[in-house]
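Shared chain: chain A. Partners: chain B in the first complex, chain C in the second.
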Partner chain A sequence: MKIRVEQSELSDACSWTTRTLPARPTIPVLAGVRIGAEEGGLHLATFDMETAAKVHVDAVVDEPGTVVVSGRLLADIAKALPKQPVELTLEGSRLSLRCGRSSFGLPTMPVEEYPELPAFPVEAGSLPGSEFGVAIAQVAVAASRDDTLPVLTGIRVELEGDTITMAATDRYRLAVRRLAWSPDDTSISRQVLVKGKQLADLGRTLGEGDSVSLSLGDPESGLIGFSSPDREVVTRLLHGDFPDYRRLLPKDSQTVAETDREELIESVKRVKLVAAERTTPIRLTFSDDEVLLRAGAGDDASASESLECSVSGDPIEIAFNPDYLLDGLQSIPNEKVTLAFTEPRKPAVLSDGPDYQYLLMPMRLGN
Partner chain B sequence: MASCVVDYEGRLTAHLPLANRVIILKSDGSLLVHADTGFKALNWMAPPCTLTEASPGEEDGTLVWRITNKADDQLTITIHEILSDVEHELGEEPGLRKDGVEAHLQELLAEKLAPLGQGWELVRREYPTPIGPVDLMCRDEHGRSVAVEIKRRGEIDGVEQLTRYLELLNRDPLLAPVEGVFAAQEIKPQARTLATDRGIRCLTLDYDELRGLPSDVLRLF
Partner chain C sequence: MSRSQVKRPKLTTRSSGHDEDCTVLHVDMDAFYASVSLLERPQLRGRPVIVGGAAGRGVVLAASYEARELGVHSAMPMGRARRLAPQAVVVPPDFSRYTEVSQGVMALLRSLTPQVEVLGLDEAFLEVSGARRRLGGATRIAELIRARVHDEQGITCSVGVSATKFVAKLASTLSKPDGLLVVPPEEVVGFLHPLPVSALWGVGDRTEEVLLRMGLRTVGDIAATPQPTLERMLGPAGGAHLLDLAWGRDPRTVEVHEPDRSIGAEETFGTDVDDPQVVLAEVLRLSEKVAARMRKAGYVGRTVQLKVRFADFTTITRSRTLRQPTDTGRDVYNEARLLFQRLGLQRARLRLVGVRMSGLTEVERTPQQMAFDPVPGLNSGWRDVEQAVDLITERFGRGVVQPARLVEPPEIP
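Entry: the complex of A and B
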């Protein structure tokens, strides 16, 4: 194998594929990245038995071939190399990397031990990459990070005609986002559960392209794929029943407040400074065109701040976990945020329109 | 509390040069020598052992304690200066009561199998295998056998233990195939990796929730 590739392209490709490398690979070869050189370029692939990532890189291929080398090491080297063409040559059982005056030799791992990547499923439709990326981030924030209930670490993706609905909840908050897409079959009706972490990673990196294709295998295969022109990811779906989240969404509200999102974020960040523990609540009192934020009480440090806010309906005092409140506020892209309440013990809804809702469970109010 | 020199002779020899230390002599004969730091004693002698006190002025120090056990290990404490010498009767020790012990977790989980899965049934607690009992034997919603090992802290050795049980249980044609669940309040990443690699499901247990303690935090569901 002998190839020449631009440093920046190799570095981008390495850092993208190696993000899915397992931290503790049970099969040593899975810590590797598979480099395949064929006519017209090369591809880099990683696979942790759950998620496979593959990227195409333009390169001059003098001699085709396939090698597996340590992914982490290759990514670190590629990133540190000077901005010049990199020459990769397989010499015996070692891969040599030359760039400018630097040269590296990497031991290779047996290619035949590298597992076969899962077959990429059939394309089901496409959607704008950047919007998809934003939507994933808005939902992934509410997915559970501990796996007491494995289904809650997932993001539910519902494909109904030309609408995709994504939802995630960790039992303290629920994020729901709707967006339009272009399905190949407009009568599509599928619901799948994708690992939140995987999807969030993907959203950040695949979203740079213009258009992302979504692919689904038949229900038995349990695979979902995402691809942009030169990158593709396929991951195993989660099993289990996602809770019926629609019944959690309040049907009406007693109090609706609208305020400047940035200002509210800044206020929450300031007031939360006195919250000694992560679980110390921040109290919000909505009344007469203002909201009063307070945290801390008694002998401990305390803080309060008021903010202009248009309030309609009954005044309300409600307490939240400040981090969860910030997560919600930061997930809303608009200048204004609407907060809707029913009761101090019932969930509040943060939104900026019909397409995104962030449902947040309040905390018990202390005295 | 005394400034002392400690010499140990037995399976190995050890010497602690002159310094201030805390010497604890317990009613059952246990003797411990502590420094100002660390939770572990610098030197100790477990009972049964005998203490003989040599008369002052006989050697360099003011007082010499010789502690000998049955194996003829000898601990010699040469006391140069006594800083403080106190004696108290502490009375009976009620013993350590651990919260969240495995037995209680097992009991709670056996009562309510819901965290394991919907429609699960308990076969029995302490299900016997030739190498010791497995914490819970259950049938999942499809009637398949599942062995559950419960730990407070889930570490590698717990996974190994469950693996051994599963291997033996799977030899029983009436039970096989037996799946495994490794349940703990906290599961170490290494243990999780090993369990996953062996096809054992990991489950994090919420002790407060199992006990039905009202959580301070409100939940959506």
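Entry: the complex of A and C
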């Protein structure tokens, strides 16, 4: 094998594929990155038996071939090299890297021991990368990080005709986002559960591209694929029944408030400073045309701040975990945010239109 | 109890009279559990007495000085203690009484100075630099404490007086029982150096072995050893620390702190148990008990601790902090069970299990994050169930309603 590739392209490709490499792989070869050189370029691939990532890199291939080398080491070297073309040559059982005046020799791992990557599923449709990225970030914020209930660490993805609905909940809040996409088959009706952390990560990295495609295997395969023009990821779906979240969405509301989102975020951040513990609530009182924010009481530090706000319906006082409230406010892209309430012990809904809803359960003070 | 039944404290004060620079007192009750147990059994005074589970086995919780002379000491298996002291009387422990007496003693100490660092039920450090002017010298305060503890509680204590915590504690230990020892700063070195190395804080069996192997038998031997030599033997921190102690240097101050409140319960099995189902049933019973006590006291807790003692007395604890504070037996049990399962015991023989909740806060003042569905914590429907059981228990007695797996099968006649 003999190839030449630009340092920046090699470095980007390495850092993306090796990001998810396991620190202690079940078999040693899985700590490696597989480099395949063929006509027109090379690809880098990693696989941890759950998720396979593959990236295409433009390169001049003088001699095709396949090698496996330590992913972490290759990524570190590629990143540190000067911005010049890099030459990769397989010399016996070692891969040599030359770039400018630098030269490295890496031991290779046995290619035949590297497991075969799962077949990439059939493409089901596509959507613009930026929309994909934003929507996932809006939903992933509510996914649980607690592994004791694996289903809640997932993001529910529903593909119904030309609409994708994504939802996640950790039982304290629920985020639901609807968006349009272009399915290959407009009669598609599929619901899957994708690992939340992984999907959030894909939203960030694939969201940079112009377009993202979704691919689904047949339901038994339990696989889902995501691809941009030069990157693809295939991963195993989560099993289990995602809760029927639609019944949680309140049908009506007693109080609706609308205010400037940035200003409310800044106010919450200031008042939250006195919340000594993560579990100290922030109390919001909506009345007439303002909202009063308060935290802390008794001998502890306290803070209060009022903010202009248009309120319709009954006045209400309600308490939230300030971090959960901020997560919701920061997930809304618009200048204005609407908050809808029914009762102080029922969920509040943060939204900026029909396409995104962030439901938040309040805190109750004492018994 | 009438005063005539009580032996007067002997008030053996050993002091050179210079206590101007002594600001730290260490107060230590003498054979605390045994002494309190004897308050209601004055006829047993002067006889070897062992406090511990009388029925079957269990361990020695405490022993009177007469029993100690026969070789009995606390934490010893009861069977062994009985072989050593067949004539000893075994009395069951009465923890509510111990707590009551302890609270009385600590209240007395706090009435003398607010600078009280409580260590367990029967020990405390006092910083008296402020109280000396009012009460007249550290020795005078120590005598006052000894007389008043005896008058008010009917038990004796020993007090060590010095300028540092370490020396004060050594002094109280060496003056036991019913003694008072004052070690002014200028006498500290002369006091310490003849003592065996094991007298120093932090010198356990292992360190003692290392020191003896190097020919260091007394504290004076350590004091005469160059620091680099000690550091090579015991590591950089250990070596420097030991040298400081050997010269009576102890920078620690009396720390006044509210002891971290917790509520716990533990059970020593009648015979060692290796069946996880039996252990878990006991963990469930203890969890229910702890939760009921939390509800009664109006607390919720965040940290569940599981304690396991093996047949060979090795004891380990594991704990986990919940997302949400709880006072529900079911939540406590679920965490305790997870902790037990994570130990991965392969039918190890267990002697004791315990469950403890800490991170307690008053339920009335603890905000709760609500959830969409019943989750562990106060939103859970189980809390209502357990509160209902509390009411039934109050009215009809313990065990009327309990988890099915705790119900004993009916005895077959």
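Here, the second predicted complex is superposed on the first by the 365 of 367 C-alpha atoms of A that agree within 3 Å, B and C clash if a C-alpha of one lies under 4 Å from a C-alpha of the other, contacts with A are read in each partner's own complex, and residues count from 1 in each chain.
Just so it is clear, a contact is a pair of C-beta atoms (placed from the backbone, for glycine too) under 8 Å apart; a residue touches a chain by one contact, two chains touch by 3 or more.
Predicted model, so just to flag it, every value in this text is computed and none were measured.
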Clash-or-fit label for the pair chain B, chain C on chain A: clash
First (chain B), second (chain C), both or neither touched by A:T280: second
First (chain B), second (chain C), both or neither touched by A:L365: second
Which superposed partner A:P243 touches (first chain B, second chain C, both, neither): both
A:D147 touches, of chain B and chain C: first, second, both or neither? first
Partner chain in contact with A:R24 - chain B first, chain C second, else both or neither: first
Partner chain in contact with A:T51 - chain B first, chain C second, else both or neither: neither
Partner chain in contact with A:R345 - chain B first, chain C second, else both or neither: both
Partner chain in contact with A:Y172 - chain B first, chain C second, else both or neither: both
Region of chain C that runs into chain B when the structures are aligned on their shared chain, from 95-103, 131-139, 293-301 or 329-337: 329-337
Chain B/chain C common contact set on chain A: 146, 169, 171-172, 174, 243, 248, 279, 321, 345, 347, 361-364
Chain B-touching residues of chain A, taken from the complex the two chains share: 23-24, 26, 146-148, 169, 171-174, 243, 248, 279, 321, 345, 347, 359, 361-364
Partner chain A, residues of chain B touching it in the complex: 115, 189-190, 193-194, 196-197, 202-206, 216-221
Partner chain C, residues of chain A touching it in the complex: 146, 169, 171-172, 174, 243, 248, 279-281, 319, 321, 324, 345, 347, 361-367
Of chain C, residues touching chain A in the complex: 323, 363-373, 375, 378
